[in-house]
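After this come two complexes, each holding subunit A, first together with subunit B and then together with subunit C.
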Partner chain A sequence: MHSFGYRANAVVTFAVTILAVMCGMASLSDNFNSPSPTADVKVLNINWFQKQPNGNDEVSLTLNISADLSSLFTWNTKQVFVFLAAEYETPQNALNQVSLWDGIIQSKEHAKFWIHTTNKYRFTDQGNNLRGKDFNLTLHWHIMPKTGKMFADKIVMTGYSLPEEYR
Partner chain B sequence: MGWLSDSLDSIRTLQIRHVLTQIVSLGMIVTSALIIWKGLMCVTGSESPVVVVLSGSMEPGFKRGDILFLHMSKDPIRAGEIVVFNVDGREIPIVHRVIKVHERQDTGEVDILTKGDNNFGDDRLLYAHGQLWLQRHHIMGRAVGFLPYVGWVTIIMTEKPIIKYLLIGALGLLVITSKE
Partner chain C sequence: MVVIKKSRYGDQELGLPRFARVSFSSLRSAQMDWQGQKRAEIVMQFMLVVFAIAGLGIGYTIGSFPTMMLTYAGGVVITALITVPNWPFFNRHPSKWLDPSEAERHPKPHLNVAAASKKKAPKHK
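This part shows the complex of A and B:
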């Protein structure tokens, strides 16, 4: 009845159960955090703007991104993946989301940042609809936990537009 | 001699009963595991509700051996989500992040481009030859939950099959020899 195997089994089962409950509670505790992040993005320059040989418009921007995401961090946060996407509508597509820049923040100390950069990924349209196009810049973040549920949210910034002519 | 055959018979029936009980309880374990797996498939809507991360392309977020819980809903796919997709001609599904989305006005079809957080470039080199975008049907699910390290069990078992057979053998022996 109380053999070694029986006791070992009971101990392991109990340990795994406790570990699972602790993981679940750590994940649930994330729900009590109500973050208040801020972000501001300026388009400093249109470096160039052209139609590629395959007919798609492509533009290169210089951006100034400043954000304070430190309130997103809890004790269960492993990292925050943050990226800036241009979002716009064209006659062909109801939604276009093009990621321009991204970064990984691994600690609360680095979550308040300021960066001056050109777009890291190509800002290319499916077609040639970018001349004079109004677009939103959206700062998305994706919280990756040490364990449990992942969270994502965004700040939409409106009122950006591209020039009428290629340059 | 009558009492000898009587006692032999009683031992025999006892052992048959014992073996039958063991078989039934083993069957219960196997079927309940199957029920949990199929139940998860129904709840999450994904054909594989749990995947093990096999490569380091999403480090430092996901490391090799971590497991991800998937969910497949009708919601449209958006940039920033981590999706699991199958590329034509490749057997192993890939877990990467969506960086570009183009959704059609009339049909609602989507063109998706993905990239691993730890990779330098986007995934067009991983796609089938000449394929520029992923479509909805390539996507198996999106990652919603994360549990570290647990996947190492399956990685070790698939890479060192001897350990798997040893484990199955030992468990089988335990089941057969246990007296309760």
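This part shows the complex of A and C:
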């Protein structure tokens, strides 16, 4: 600590090290949050349900997605990435997950939402197994922090099914 | 004992009052004395930890991450202003070096007597 430059370097280095410790503690504080999110999805309409020229089934849905994810937000949350996936089983695959819609919620105020939309991404099968298929709609979310660990969780909603015949 | 350093510009030209010319002269010197260095290090570590805890506490309680960052950044700046420049209170125990005229009165003993006799031996062979 015998010269100006030496002391300046010591201050900066120690300050940055302590900053790293502060960010670690901020991330740890997220574990004290016990979230209680709710979600509900209604399939309002099957717009069309066809077998494409490449042999794969495809269906278009109109959905009403409503959710309250405000309890997921903490002081250390940058944004919440949420997506809705259709999950079902086929003879070839034990689990198929097809993402139908996603969104980014950047503040607690926007976390309680209601959206009426067709599926943002195509609901296509690997094959032609969708006729009369029962499927789950699962709302997944990733809580992206300002610093530290990212938490991910989901809500599974069961009881949806596709028609027996193409439309 | 008061040290008045001579600078290229001269304190009189800066128009500083007499006490400033005398006490803040240490700022122009880069060296702190040993006790001052120890004090500076302890003050720096203490202040940074205190501001970090304060920032963390206030930020978590209010629920505002930017508040934590700004509190801590302000603390780092204040700590740097107090710790880094060579303030007079870091120079209260200056090292007492031996005066040059006193050192000349006690010259260092010569140690090359043995080396000189070794050199002479081969010549007289």
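In this text, the second predicted complex is superposed on the first by the 166 of 167 C-alpha atoms of A that agree within 3 Å, B and C clash if a C-alpha of one lies under 4 Å from a C-alpha of the other, contacts with A are read in each partner's own complex, and residues count from 1 in each chain.
In this section, a contact is a pair of C-beta atoms (placed from the backbone, for glycine too) under 8 Å apart; a residue touches a chain by one contact, two chains touch by 3 or more.
Everything numeric here is computed off the predicted structure, so don't read it as measured data.
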* To do: Pick one for A:F14: touches subunit B only (first), subunit C only (second), both, or neither.
  => second
* To do: Would you sort A:H2 into first (subunit B), second (subunit C), both or neither based on which partner it touches?
  => second
* Is A:N93 contacted by the first partner subunit B, the second partner subunit C, both or neither? -> first
* To do: With the two complexes superposed on chain A, say which partner A:K146 touches: subunit B (first), subunit C (second), both, or neither.
  => both
* **subunit A residues touched - subunit C or subunit B, whichever exceeds** => B
* **Contact residues of subunit A, present in both the subunit B and the subunit C interface** => 1, 146
* Asked: Mind pulling up the subunit A residues that touch subunit C in the complex?
  -> 1-4, 7-8, 10-11, 14-15, 18-19, 21-22, 25-26, 29, 74-76, 146
* Structure fact -> Contacts from subunit C onto subunit A in the complex sit at residues 30-32, 37-38, 40-41, 44-45, 48-49, 52, 55-56, 59-60, 62-65, 68, 72, 76, 79-80, 83-86
* Structure fact -> subunit A partner, complex, touching residues on subunit B are 60-62, 78-82, 97, 99-105, 108, 111, 117, 122, 143-148, 174, 180
* **Contacting residues of subunit A [partner subunit B, same complex]** => 1, 5, 23, 27, 78-79, 81, 83, 85, 90-99, 102, 104, 106, 121, 126, 140, 142, 144-150, 152, 154
